[in-house]
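Report on one structure; see the data block that follows.
When the chains are written out, they are named A, B, C, D, E and F in that same order, and each has its own residue count from 1.
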């Protein structure tokens, strides 16, 4: 009994001291993981993930408090990248947090706009310019399509327009695998 | 001098049926000027040129109608004299079926040239020569339409070992370079001599596949009379894609130019023979690039090469060759690398070396794609020594990072792999898809970075405003400092002395100023509008109009 | 409509697989000659099971059934299973083996082209682990009566009369168990039913497969790398040890011409799907299989090591491939200078 | 804030925290080790008793109590590690006597050549040179294949495989027939799992031979004596 | 959902130690060769998990962050040893069956994971419940695994039960001449069956998510035609 | 000398920790999605496991056995291991940021790798001496690393395979691990020939 206590106590003192020492001595600050996660998030800042912006969501993921499938703008692609970074399992986008939509930008109908500036206050990336009682407009290049400006508008003059393609931005489509005909023909 | 040129070989490659005969029976003909020319502004790699004309303007043949946008761009010119009827979005000769800005010219039939003057490149600085070529709209005619003035730069050493002229023309059906070499060998060689001089190249090798004996003979005859003995014609073995610049350089010089590096750093540069001809015309005759030789072949009664004005509708061109009734598509380029056109009513552009008319019979729909069995046929055929099935494997699953690890961007999209694949997998389509996705992601990433900056900036601004409010509040109340500290503590993180606080606010304000200057867009959304903001809104209006414009055709074709 | 290239070389997966089946025929013919027609029953049984299982899985996974069934890969798997299992294995053994190969090893991974493990060898390994004794009962050479074999497959198992230990098994049992008195010569030489090469009959079967293999090489369906590296490794290592101690280690001719060596060299390790794809990778892959085959045959608990060796190298194949990527155009020599 | 002060503060906190964590670690360790050690001490007799009961139960299986009347546990000797018997440690060897007459030896043995490692055995050898009975005390043979050597796992409940050795000796089964049938001996094996059977059979044969040979010496030793013997040839 | 309900649901399904977190695999695979062993280990695990969650939740305020892992492990290992010894001494019959499994629990990483992730941050009742429910989640999976492996491997079920309840005996489900499928009992079989179980879970989860998604789509019709086909 | 080689080879191949001894499965399943991380985990485990085997041998031989405290084995081993892991992590984190980049995030995971306790305990029951303990620890860790990187290689390819949807990820990973352990059964019996 006594030997047991002595042996273990000896170990405990040595290890405890060493750990305590090391913990202070070798402490490092900051969490580079958050930055890495944030770099993957689309920065739409829409809050659909349930956090007030991409960075807070990134912090929550880093702490293990949030799943990686809560960001609809990031979509499947974003989930894959996060899973890759964190070594977690890929999951389908959580339907609780929304569904993936085509990328759009806000468009203000200037005929209806009353210049109330409410949308300006809502836009997280300052993509709306205008002034009180003046017509407002969206800087297309800077709009992230977060839709946060839609609800505050008292006259519902903002709509989301899918971004059209141009020859430059056109992408080759995923090659369509046509496999049905042969079977149908046989049937 | 004419010692036997030692040839090297590249791995892979295939030998498809060539079908070149039919279009070489007749000499080059000049295609008639059509009733309407649709000249796309964006015809080369690089920035889209800015329009210089508007509807209603009269233009002369060879008049510049689009100005190069920066140095990596190339001008476009009116192919004939006439009236500009519109500058508008028109269907492009592009697989996407999308439209882009075009200048639509109604020819007046006079075919009246602008003033043409030879350019004395020997007297001019190299930069001036390059600017001249840029404004003459000379781009590579071998297919990639890379602005030639950018390539006419000898690189670090200021001189080159070898200038390679690419007359291989390895793709089936296409014979435009073949007939050009046969019929215009001397002028071509003069162009080559100009390029050699500009690049200070020690020798010029003209590589021609050995299935074009007439072209070889013509060039040899022409060069025999030539004083410039550094020009040498070399027959290379016929194997697709011997005409790929890297493959041809390899065959002729043994040098392998890696992807992403300039061939001039290895002492070689490669131009298409048609480009050499265009350079001759631009420098010696002062004529900008307004036409080119186009092969019309495939499902037609009489295949032939035509000298075609840019902007001519492919439909008009094909009509000259008696297309067969079962024609169902028009392809720009050859069967290995060409692109299916959304309609036959797209204009001939600088990239159009061939208008290939197709039918189900000639180019049948391949049997359904089967899974890849990793048989390795494609790897054996790949001239870039890639592992096509690995790139396919990951592109298919949209794991682009991995695809890139297997050197996706080294792929020259030659199509050899798809040609041999027993599973009939449209491999190249997967690579095109993956490449364009990767590019799009890069754009998205930039946009996200921008959004992050702006968002953080906004947070900073809000923070500062809060602090300012708190400071005001503090000043107002009698208790002064204490309360301000409390308010600040609430607004900010704990434990900052008022001193630090003030400093922090200062820094924040400074940061904001700097940022605001950098951004140039003033997102101060309060108070009265500055002139700058007004300008911004005007610009935005214009962009909006453009977006709506672009959206229309797109929405139409979407279903 | 499709994009470029617009015309393709005539070739298809189906024709590849059919030529593989064709190449198996000489071997099968010799097999029937020496060991009886039971193997044909097994081939039929395996083929039917494989096609049914393949069709069912394709249906379940929502793939076009007829199209994929026609590719013939299930038949190749089935035939190879039938040829590596004992011809008088009870029917359910073959059926379970084929099901495991098609369902687990192939379709759970996404079907043709995606399986990291050789389906036929998964079947063999699974079954020999589960039923070691049933998987070791082979008909005696020359005892080709059909009915007893048929009964062995479908009826009651009165086997003693028609079975005998295969050369590999006999050798293994003798060398492992008895009190160090057994020698290679003792086992092989004294028994009249075993030839001195690979066991009577066995070497001719192997020769049949060899002919088929040459055909595959000529058709460019397989490359020389794998068979050459495999056979060479097996030859060198068994030869070396046989020279070192001929009483305990049997020589290369036996190793090359017995068991699954020849079949393996040309038909099994060459499975393009689960093997290595780079030229250097193929050499390493096949040499690895040769080495492990010899080790397992000589020291291991199982009679023939090919199946396990193949699976073990299947595991390593992605890594081998990754580390033997041939240099890409322009990246071969520093500076891209001519060689 | 100036650098040196910062460092000095950190240095002092290093010491403080080290001491603090060490103390807490110590406290936890002491408490939990005490708890463990306490339980250990408290249960030691009980655990020892149940271990003994277990041993007796095993012995009872190979040697029914009716065979002897002495206190087996008292009449035991220690057997030094023994190669032939496959033993690496000191083991106990019990001597059963009835009316003062030596009747049987109970000893442990092990086969090292099981399919997956060691198979430990306990066996009782009568003074008549017969193997009274044999049990496997521990093994790692494959469940469902080689584990029939343990009667609890043998599917043949009426006549478990291991019982075929009961009451046999070299007088009934010649030494060179004390093998499994597959090796030309007398004992059955289960098809597909010969290795396990072979291992047990051979080990039992060796143990029986050894016990018979050394019977007198073993019975002659004083209780709690120690028997060292390495020199026996196979 | 109330907090306790959620803990229960997490333990049994959503955060199931095996199927979702992939923790505790070694004892799971090693001991699930038959149902009786599996359940025995499962029950022992529940006991240890409850005890350790309870103990650490109670002591959590005293444990400094830097040495939490060694202290947690110390406590778990001590508890396991105590339980082991106690079984041996007082419940010897049960010990004969469970005994060999109890020391294995120390190395079961799910115990440490739960202590670290839950008990170190939550109250006594919640932590104990979490230990119980995580344990239950472990038990049902290991029991299922054991049953399948035993059934396929030997054609029996509950074999070996007589060691716990001498009056009972295992059930021969398949005919006695069923040759058995040894692979099911060997390690590969364990992996296969577990793979199938996880696939089953994926299937159920996907169905639930799909229903939710359909509901969402139904509730909010799409705003515009997609830009990309 | 050869016997030492056999200890290592045996631990790497024949009695592979993961496939035969069924230890260390959680990190095996959890950290094998990417080759890079698998290598990092393998390296970290190799370091810790070798250290753990050495340390536990010393504790066992010098403290526990002389004092007849074998019942403290599990306790003292595992506490020591936990401390080693944490110490290593802290030290690496500070002293070698590069190494920490590579190994850092895996080190805490090692505490929950039951092989790290299982192998030292096996050392005791196999009666290995100090050197043998170290080698056995090292060999087992190499076996773990081998299993991990092989598995990761396959998984990286599998990620792009057309696996039926419910089997994606872990489920097919399990099946693959099963087939891998089936393949490793081919080594059965080899350890008898050392």
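Keep in mind that, in the parts below, a contact is a pair of C-beta atoms (placed from the backbone, for glycine too) under 8 Å apart; a residue touches a chain by one contact, two chains touch by 3 or more.
Bear in mind the structure is a predicted one, so any value in this text is a computation, not a measurement.
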Selected pair, greater C-beta contact count between A-B and D-E: A-B
Innermost chain, where centres are averages of C-alpha coordinates: F
Chain at maximum distance from chain F, centres defined as averaged CA atoms: B
For chain C paired with chain F, centre-to-centre distance based on mean C-alpha positions, whole Å: 33
Between chain C and chain A, distance of the C-alpha-averaged centres to the nearest whole Å: 51
Distance between the centres, which are taken as Cα means, of chain D and chain B, whole angstrom: 82
Residues of chain D engaged with two or more neighbouring chains: 17, 20-21, 24-25, 28-29, 33, 36-37, 40
Chain B: positions in contact with at least two other chains: 95, 367-368, 371, 399, 426, 429, 432, 555
Multi-chain contact residues (two or more partners), chain A: 4, 8, 11-12, 15-16, 18-20, 22-23, 25, 161, 163-165, 171, 173, 179, 182
Of all residues in chain E, those that touch chain F in their complex: 22-27, 29-30, 66-67, 69-70, 73-74, 77-78, 80-81, 85, 103, 106-109, 112-113, 183, 186-192, 194-196, 198-200, 202-203, 206
Residues of chain C that touch chain F when the two form their complex: 60-61, 104-105, 107-111, 114, 116-117, 122, 125-126, 129, 292, 295-296, 299-302, 305, 307-309, 311-312, 314-316, 318-319, 322
Residue ranges of chain A in contact with chain F within the complex: 3-4, 7-8, 11-12, 15, 18-19, 22-23, 25-28, 83-84, 87, 89-90
Interface residues, chain A side, partner chain B - complex: 38, 41-45, 53-54, 77, 80, 107, 117, 120-121, 124-132, 134-135, 137-140, 142, 144, 161, 163-175, 177-179, 181-182
Complex interface listing, chain C residues touching chain E: 104, 126, 129-131, 134
